[in-house]
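Here chain A shows up in two complexes: once beside chain B, once beside chain C.
Then we have the complex of A and B:
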């Protein structure tokens, strides 16, 4: 194996990977500061921060032996100047000194930071990036204590609306060109460029163009300073107040891996989580707006239609009693149950199982597909996160017309978390002749037309798995408390600083953002109790292990595997899109 | 502004330029130059025209045009006088020349005369330190070893439409050295 010596320690590397020094150093868990390098994009080496001292051993040309000095150590021929490690290819026998072992290198990095900071405003206290800012972090670690630059800083445009979702503060920009390279190499819209030169350059769009790239907010994530900020999230919260929970994007079929950032049980922003098998470091802008549906317009407490079209909130007991009475009053053949590609595998499974126990026929579902809306990258035609999941657990896949026909013949229609009216599968008059019960996370046209609405947890509130368009099963974690869960008791939930140190008497802790809803299985437990059914699931983990025991396709799949392997690829192919 | 377009001949010229380079992107500089010669500037609409003609991202052409000061992103006078005030010229009276020009034309550096004839710019080194002070006329001819009289004459000539001739500058020291080497 070829070898490389970093700070006096020997490492072996794989020649075939053709790695750059910086990436290799990071892969070993070591650190060299950098700004412009990004593992998924080209390497311009323009920030000059990742300087290291590099040398190669001197070989005798005739014998091919290493030349040794008087101590018997290999003679090293140092590169005449420091090299940017991001663009230095590994060589056999290479010797590298980083800031850890070379004062010269530490000094070079410090001086480079002083240069970068010359025109950088020191407005960290009001800058959105503070707390997750590579420039801030690295200045703390490697930077100078102060600046010797005592003249006025260069001023550039501030709060420029580059596009509908991205705001630019050009003064903070250090011209790493990550955003420009992103639009050139990843989203391929070529909407950004660097203009002007020297100390007055900054990124902007072409004349008369707006930065409306459907992936534009990724530039905010990769911006190593606070130059590009999300217009939506700007000034809403400091990063250290929030709490980060891994989850899955549910706005389309790709299932991008995301992090949900919450404060006081309100999801404030959604950022991509790296998974090279699905979304790499990226996600579409649309997926980031999903936080609104986790916070707002939620179905809070069960509601029931009393007279005419007036819905009124009711108690859980009343909801369960009404539900049970409706089920008891009807023959199971008169009950139609509709599963949902918008709900998780576990939800669909328990939903189907519960009503099957009562003798209904298998749940039907109709995929939510808008042909042509996908882009072949991270936006799919499929608008739902779990279409393949419904197929995996063998729900009956039908088209919109069949759903319409079945509903019109039924006396009781039970819908799981799917806005069938909103997405124009049904019209509200289709539900007039039947008693309609909706399990729903949000208020929609369908819940409006329903006679009984049961509030259920959304992806931000429960642990459940989803199968994406490529057949990869991935799971969510609860990020947001409901009225009935508690962060401190549920070890699956993460605690931010404010959660950990807050008490009910602190003004940053409130009850408002906790929704009065239950996981589907919890509600069905209660309903099963009332009906005398043998049905009990305490956690979605139980549901999933039952599934993996009973279905071959999920045989060796578990939550642990999904966690360790960032999702598990199931042996299914994407089926033809049915419109 | 009315829709801009290149004529048939210009398009042919652009094709010829494109053929010189492996990619159309590489021809950006030359085509911007051609456009500037035609319109006297490369304002946003001209940049758009260039981008469309070469089928390149508008942002790229914009970035290139904004990088080089020789591309005029606004309308300039018919003659742009770039007066060097970098070290050698400064020592030899570059600022005197600049201020004299400013007084003479009644504008400040960076401005254009009302009649649209002249623009004065204060620029950094143009690489003619050996014959300082100097100025450059519209990205072209250098006028060297300036004196106030020489400047006045230049202005008068330019007003009459006479561009200064290219001056081949003698470099006596270099010639001496070359001579010595050949002997």
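Then we have the complex of A and C:
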């Protein structure tokens, strides 16, 4: 194996990976500061921060052997200049000195940070990036203590709306060109460019252009300073006040891996989480606005229609009692249950299993696909996160017309988390002749037309798995609490800085931000008790391990594997499942 | 040789009226070198042309002084795909204005040289990149190119052979950095003029990822001379290690500023006193910048016996550069000069690399402070320190070019700078 020596320590590397030095250093868990390098984009080597000292061993031209000095050590020919490690290809026998072992290198990196900082406004106290800012972090680690810059800083445009979602502060920009390269190489809209020269240059759109790239907010994520900020999120919260919880984008079928950022049980923003098998470092802008539906317009407490069309809130006891009475009053053949590609695998499974115990036929579902709305990248035609999940657990896949026909013949219709009226599968008159019960996270046209609405947890509140369009099963974690303390769920909640280091009184706790809802399985537990059914789950883990035991396709799949492997690819393709 | 420079007959821009007309050029032996090569490709194989030029040791006239033939030999073997010659006529370095004389007075010599180079390197397309401010000169060259096409020196099957070469003119939009060879390639590709990281070098990965050689206009104009007269003849002109005729661009406080053609190795004082007619107003010489603004300035007392060739200038701590000499008389304010140069580099830094982007701006601002009488002694050391932090840490050499004049002007005229700092309102006793 070829070898390199970094700070005196020997490492072997794989020649076929054709890696650059900086990436290799990071892969070893070591660190060299950098700004412009991004593993998924081209390497411009323009920030010059990752300078290291590099040398190669001297070989005897005739024998091809390494030349040795008087101490028997290999003679090293040092490159006359510092090399940017991001653009330096590994070579057998290469000797590298980083800031850890070389004063010279540490000084050069400090010098470079001094240059970066002279025209930077240093407005960290009012900057959104503070707390997650590579410039801030690396300045504390490697930067100069003070400043020798006693002349006037360059002034550039501030708070410029580049497009509907991204705001530019050009003075904070350090010209790493990550955003420009993103629009050139990843989203391929070519909407951003650098204008002007020297220390007055900054990124912006062409004249008359709007930065309305459907992936525009990714530039905010990769901006190593606070130059590009999210117009929606800016000035809403400091990063250290928020909790970061891994989750899945539920706005389309791709299932982009995301992080939900919460404070006081409100989701404030959604950012992509790296997963090279699904979304790499990116996600579409639409997925990021989904946080609103986790906070707003939620079904809060059960609702019931008592007189005509007016719904009013009711107690859980009354909701359970009413639900039970309706089920007892009808023959199971008069009850139609409709599963949902918008709900998780576990929800669909327990929903179907519960009513099957009462003798209903299998749940039907209709995929929510809008042909032509995808872009072949991270936006799919499939509008739902779990179409394949419904297929995996063998719900009856039908089309919109069949759903309409089935509903019109039923006396009781039970719908799981799917706005069938809103997406024009049904019209509200279709539900006039039946008693309709909706399990729902948000108020929709369908919940409005329902006689009984059961509020359930959304993806931000529960643990559940989803199978994306490519057949990859991935899971969510609870990011915000509901009205009810559920210790099993709370155990999986992420801890923020204030949870870890603050007192009980440091964190915000507003009761009104907690939604009065239950996980589907928890509600069915209670309904099962009332009906005298043998039905009891304490956690989605139990549901999933039951599934895993009973379905071949999920045999070796578990939450642990999903956690460790960032999701598990199931041996299916969308087409195969359809057939 | 150096001593008989006065009897030298110009070769690049000979004194022949209307030489820019293709008929006149042909009557005076023009395109003979090209004809000889193309008509006798057995003697003049592509390799042997490269060898001849390499042996003549034409040092690149764009400033770096690299052997042109050696550069040509770096081109990989043809693989059937396109290969390019990019001719650099972006001359934007303050003090440099020589190439436009070739466009104006002897454009066909350059075209012929570029054609020979293209033949030698199996290039099928020549791009000529000319600074945008030279629009009139672009038109002059375009007329010459049109004539060359008409006469069959350019285009398909040149002179009835199977050699086909095209020449395309294009011009910049006012950025000095586009004269840096890889930034020029980016600009030719229609992109922002950002220098590329090397490796890969242009010979491997140049225009649109294809093998490309970049030569200065004046360098290529020397090529027909070598083919017509042989490498040995060429090597006997001027200084031994830096042979050939050179277009000296002399500007500043002299009586006759202009472009003059003489061999390399002319004594600096002769250039000032005899060629350019001495210092204006009979004043004393204070300093020169020998080869464009990035070359370190020299004090008058450093110029004894110094000649215009790279070795002699290196000995006294400067460079030949583009041979665009700026002459400054005793009344020159060196602080003002240095600030103006720093202003230029700050304005022209492309802004890609951190040390250059922010360093050039910082240098300029501190120099402005000193110029305005608000400088402090510590600012002088700060300037040198900033320079050390910039040099050798960027993708291209613009940062180095910005640092050298600062370092050497301060070191060589330290008294003047200290004097200015003392007068400062901030000065302490």
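The rule we apply is simple: the second predicted complex is superposed on the first by the 561 of 579 C-alpha atoms of A that agree within 3 Å, B and C clash if a C-alpha of one lies under 4 Å from a C-alpha of the other, contacts with A are read in each partner's own complex, and residues count from 1 in each chain.
Everything that follows uses one rule, which is that contacts are C-beta pairs under 8 Å (C-beta built on N, C-alpha and C of every residue); 3 or more make two chains touch, one makes a residue touch a chain.
Every value quoted in this text rests on a predicted model; they were computed, and no experiment measured them.
A.B. asks: For the overlay on chain A, clash or fit between chain B and chain C?
C.D. replies: Result for chain B and chain C: clash.
A.B. asks: After the superposition on A, what does A:154 contact: first (chain B), second (chain C), both or neither?
C.D. replies: second
A.B. asks: Quick one: classify A:124 as touching chain B (first), chain C (second), both or neither.
C.D. replies: It touches nothing on chain B or chain C.
A.B. asks: I'd like to know which partner A:193 touches here: chain B for first, chain C for second, both or neither.
C.D. replies: A:193: touches chain B and chain C.
A.B. asks: For A:209, decide between first (touching chain B), second (touching chain C), both and neither.
C.D. replies: First partner only.
A.B. asks: Regarding the shared-chain residue A:48, is it in contact with chain B (first), chain C (second), both, or neither?
C.D. replies: Only chain C is touched by A:48; chain B is not.
A.B. asks: On the superposed three-chain arrangement, identify whether chain B or chain C touches more chain A residues.
C.D. replies: Counted on chain A, the partner with more touching residues turns out to be C.
A.B. asks: Chain B clashes with which stretch of chain C: 99-107, 261-269 or 297-305?
C.D. replies: That would be 261-269, the only stretch with clashing C-alpha atoms.
A.B. asks: Quick check on my understanding: which residues of chain A belong to both its chain B contact set and its chain C contact set?
C.D. replies: Comparing the two interfaces on chain A, one with chain B and one with chain C, the shared residues are 193-194, 196-197.
A.B. asks: Write out the stretch or stretches of chain A touching chain B in their complex.
C.D. replies: For this pair, the touching residues of chain A are 183, 190-197, 204-209.
A.B. asks: State the interface residues of chain B toward chain A in the complex, per the touch definition above.
C.D. replies: Touching chain A from chain B are residues 44-45, 47-48, 51, 57-63, 66-67.
A.B. asks: Sort out for me which residues of chain A touch chain C in the complex.
C.D. replies: Spelled out, the residues of chain A in touch with chain C are 43-49, 51, 80-82, 84, 87, 108, 111-112, 114-116, 118-119, 148-149, 151-152, 154, 174-175, 177, 193-194, 196-201.
A.B. asks: So in the complex, the part of chain C that touches chain A is made up of which residues?
C.D. replies: 175, 177, 192, 194, 197, 346-355, 357-362, 365-366, 368-369, 382, 389-390, 392-395
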